[in-house]
């Protein structure tokens, strides 16, 4: 059994990660850390988590003792302080679900966060955690920077076209996100009455994840996020122009070639993409639409669970790669149909 | 008082139209027609409609007697049979909320519906019912073809750019629709459990409203509809390229010049568009986003209520124009904040 | 035109009250007061409120000048400080939508709020604002204490039985409330992700509105509130035992005799009660169920909009009584079917 | 591996059962039967069910071959025709998730369904499938009649009081149900727009599950079902009078004594019950509320997932008992927090 610790266990991402890890055959949840409820048994604070009778420890505790791997689920900016080189040097491997170590380019990090990265060496060392793209590096990484939901959906949708040099003009990623993506922090925009029944957009062009996506892809995009009244799910509609006309079969063959693993699946032609097909799981469903009226246009739909492949599920996927486990370990449960 | 009749009073559009008309100071609801509940008092079938104690008549009744204006809210295809030239010749004016008379081009009608239009003369006579664009013609029309929600949002979003010759390459309209747009017909995709918590896309490129929009605009588009778990609201994100670089101020000035009436409003820079600002009303909120990184790209957001400006509200707006009434008559109620 | 001022205009109750008052034919919205957004035009903060171009004033402004009637929509406890006898002495009439002046019994007030009422004279003077029960006193009141949603639904459901001496053992009121009843204050229990898809109960037996209901009714009850994932609506299921067996017809005749006004309506036997019949309006729908298996048991269902008859709608109804206006003035709009 | 077949695999209960069984360590899903999609691979019809590449067979196929256990998920009435004695005689054990074999009393069955039971011998043989109450009989049963969500919640809530002879006058069960309880059949009341944002009640006193509950309990009740806008979850508020005054501690001790197994859990005093604690799982959370003001009144809250402990989860629990497996096999996954 691999002993894991979770730093930041009470937010939505931390809770979902515990749901996955509790069912993982090779994991022992050894230590839990949070700012609130310190000293309480986890299962007494969250009675739905039957059997997780582990005390919550302070964030100022030393994290490394008694664990083989640490997951960090802290608000953006906090990993910079708490995820120290000492932890890595002690031999504990780390998967950070926050945004602090996801960039390659110091410049783009600055554009996104308006601050100079304080630990550039660690940022350089960190491996971007999409196993479909970077499995080799993840295998030996001490620190994996687990991407978020917007970035995972946009990068998966655009990657084959970019890598093949087939992407034409500036792509548009119109992303529709469930509300849990905004986290558990109290804010007006996350209140039930403000959200229920409404669709809205925000931070067109300037959302900080645009810069992260551009950094990893090596290509800029028009990123346009929206909020929809659902608790889970990301549905990204990716509008691309192609350098040459391509048929559905050609595009499908190319995407299937790039995504051979068990989690990213292209729907057969005619099947409709929906977050219903993936919520509660680490699976991604993609669909491609083309039209003979516009032979160099295509739409790539990417549906994933923002808490699954967009956060906790992908973290477990990275963990399995890092520790040489079966890719499906802890990730075999089917999505919720309802 | 203008006596109105409503043909198809039990669907979502018909019910919403009755809500508007019941509060209209110059309207007497004189006759109601439907396929079901014939012979029952309307208020006994729909107890929320307090005071509408009018019997529901059969669809095979003659519609013209005792009314000055008829609203048709029938499923697509049925107006072709029931909305006869005789009705118009009898002096009754008609507003058709169905899709049967909305096209100018017989060709595009065929592409959309895969059938030859059986009454082309009436189709030619019908005036497309967006008062912001065609008020003069609506004023004297015998037959107004009231557009639906997708078309209204896309056309309003693109019209100024098309008319000014500023629209570059194929625009993308990524539309997010509430579920009432699919009507009251029983179908799996409209069931609560299939919809709740999920986002999906359908009929990319080939939705029949693409052809209607293209017909009215005189310009094609990549139309990409989505379903979101809300009962009301259309939120269209319109991605355009501009023939020349334009600032927010230039675009805003142009849109404000085109939309001087009371219903279509451009939000000030920085305010976030949401269907929350319009649901329950005939108002439209638009927002424009540009970025100095991409000087010839712009995003136009259009939020409207699919049952309001996208159906019943616009029908009342057309009615007010046709009968020379105050534009706000019956349409003055504020949107629902919740 | 009667000039009104609204103290606390940015919460859900205040916003809904503005929606009603904006459509009221005898009202001029003269002054708006709030803690936040002071100095801004109301319509620039809430762009859905088209035309409400009135500056928001500080809560420390004098309220009385330039108004004939003041509505207070402050959090519980704040009216005690800001609703001063001087305001009433200046001739301005007041409708308080908060809870501070709703009790007759100082004892029960203490039980509910664990604090001694600081202005008992004003509490004694205040008239409880359910016009169906206390119209005469409301007509001449200087201060009306407008009840909330739970209390209105429970009192309306039990009143005829209590007044006729027919109520047997302790009645049970199982109330299901939409989330807007908790107000706009940021709290975990009102977040979309915590609420969506879940039903829960809270404060069984000890909710403070139990004491208010008991005070007005003169009879205690087992009050059991629940939260359901909807933004509007209260649905109270009232379980009563009768001192003598009664048929549906007898009960219906009694309830209809008590509620002759336009707003409280008993559904015909067999029609199903739902908040869908009332949301967005001041209407109340009641239904009665009996069974020959249990001749002295009955269930009274009461459906109302917590923001309508449960808050803002009832405030307008009280206003109409106080100022001798048509009972339906400003309240004629039909409920939202969707 | 135990080979299972599922008759009726495309409804909500069947789909949820497949979700559970796919993760069960001792189960091989061998055969799937349905009315629709016959001949298609299950995973091509339901692409979320990754890996379930089994063809759907006709309902007229013989069910018994190649399976050790059959689950029936047919609409009420259909098991009477298709679940034949021959199947049981062939040695295949059966768990019926329909209602056809749940009664002991032919009389109450008639009251509930207005029809004489056509196979009374099989009805007598069937064991009612709540393992917390009838584990011994289930162990050896050829046919288990798996109860539904309403019945499971009401029976679990009342059982200890009834068995101890402590239940006073007619108890009230006010049940709030998510929409999936109504199944996948197309009907107006299950449409998104009719449900979203609304609460309603139906079939007070006369719902057929009242008779089933009374049959199993040996005590009648006032059963009052409600629909709430959520896809999953049953929340039953059970109002009881006690023959003698009882404290929270006494009641809690009694309930904990009755429910020692892993799935039914009483919350500690002060914790709030919610369907959020159980959705997606076979767990049941109960809470007890008492008040010193009314020493012989108590409220028992029962929260469970209508598709979990109220259908598919309980079916797996029964299966584990019947085949002598670990009670948690296939049921260990935690509830969804979101």
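Each chain gets a letter, A, B, C and D, in the order it is written, and its residues are counted from 1.
FYI, a residue touches a chain if its C-beta (ideal position, glycine included) is under 8 Å from a C-beta of that chain, and two chains touch if they have at least 3 such contacts.
Bear in mind that the values here come from a model prediction, so they are computed numbers and not experimental data.
J.: Under the touch criterion given at the top, what is the topological distance in steps from chain B to chain D?
T.: Step count on the best path from chain B to chain D: 1.
J.: Could you let me know which interface, C-D or A-D, is made of more C-beta pairs in contact?
T.: When the contacts at A-D and C-D are counted, C-D has more.
J.: Could you please state the distance in Å, as a whole number, between where the Cα atoms of chain A are centred and where those of chain D are centred?
T.: Distance between chain centres: 36 Å.
J.: Could you grab the centroid distance between chain A and chain C? Build each centroid from C-alpha atoms only and quote it in angstrom.
T.: Centre separation, chain A to chain C: 45 Å.
J.: Just the number, please: Cα centre separation of chain C and chain D in whole Å.
T.: Computed value for the inter-centroid distance: 39 Å.
J.: Multi-chain contacts in chain B: which residues touch at least two other chains?
T.: Within chain B, residues 12, 180, 193-194, 196-197, 229-232, 276, 338 contact more than one other chain.
J.: Under the stated contact criterion, what part of chain A meets chain C in this complex?
T.: Against chain C, chain A makes touches at 12, 179-180, 184, 186-188, 190-197, 229-231.
J.: Which residues, counting only chain C, touch chain D once they are in their complex?
T.: Per the touch definition, chain C meets chain D at residues 169-170, 172, 174, 176, 178, 193-194, 196-202, 204-206, 220, 222, 224, 226, 228-233, 235, 237, 239, 272-276, 279, 287, 289-291, 293-294, 297, 299, 301, 303, 338.
J.: Help me check something: in the complex, which residues belonging to chain C touch chain B?
T.: 12, 15-16, 18-19, 22-23, 44, 46-50, 180, 196-197, 231-232, 262, 265, 267-268, 271, 276-278, 280, 283, 285, 307, 332-338
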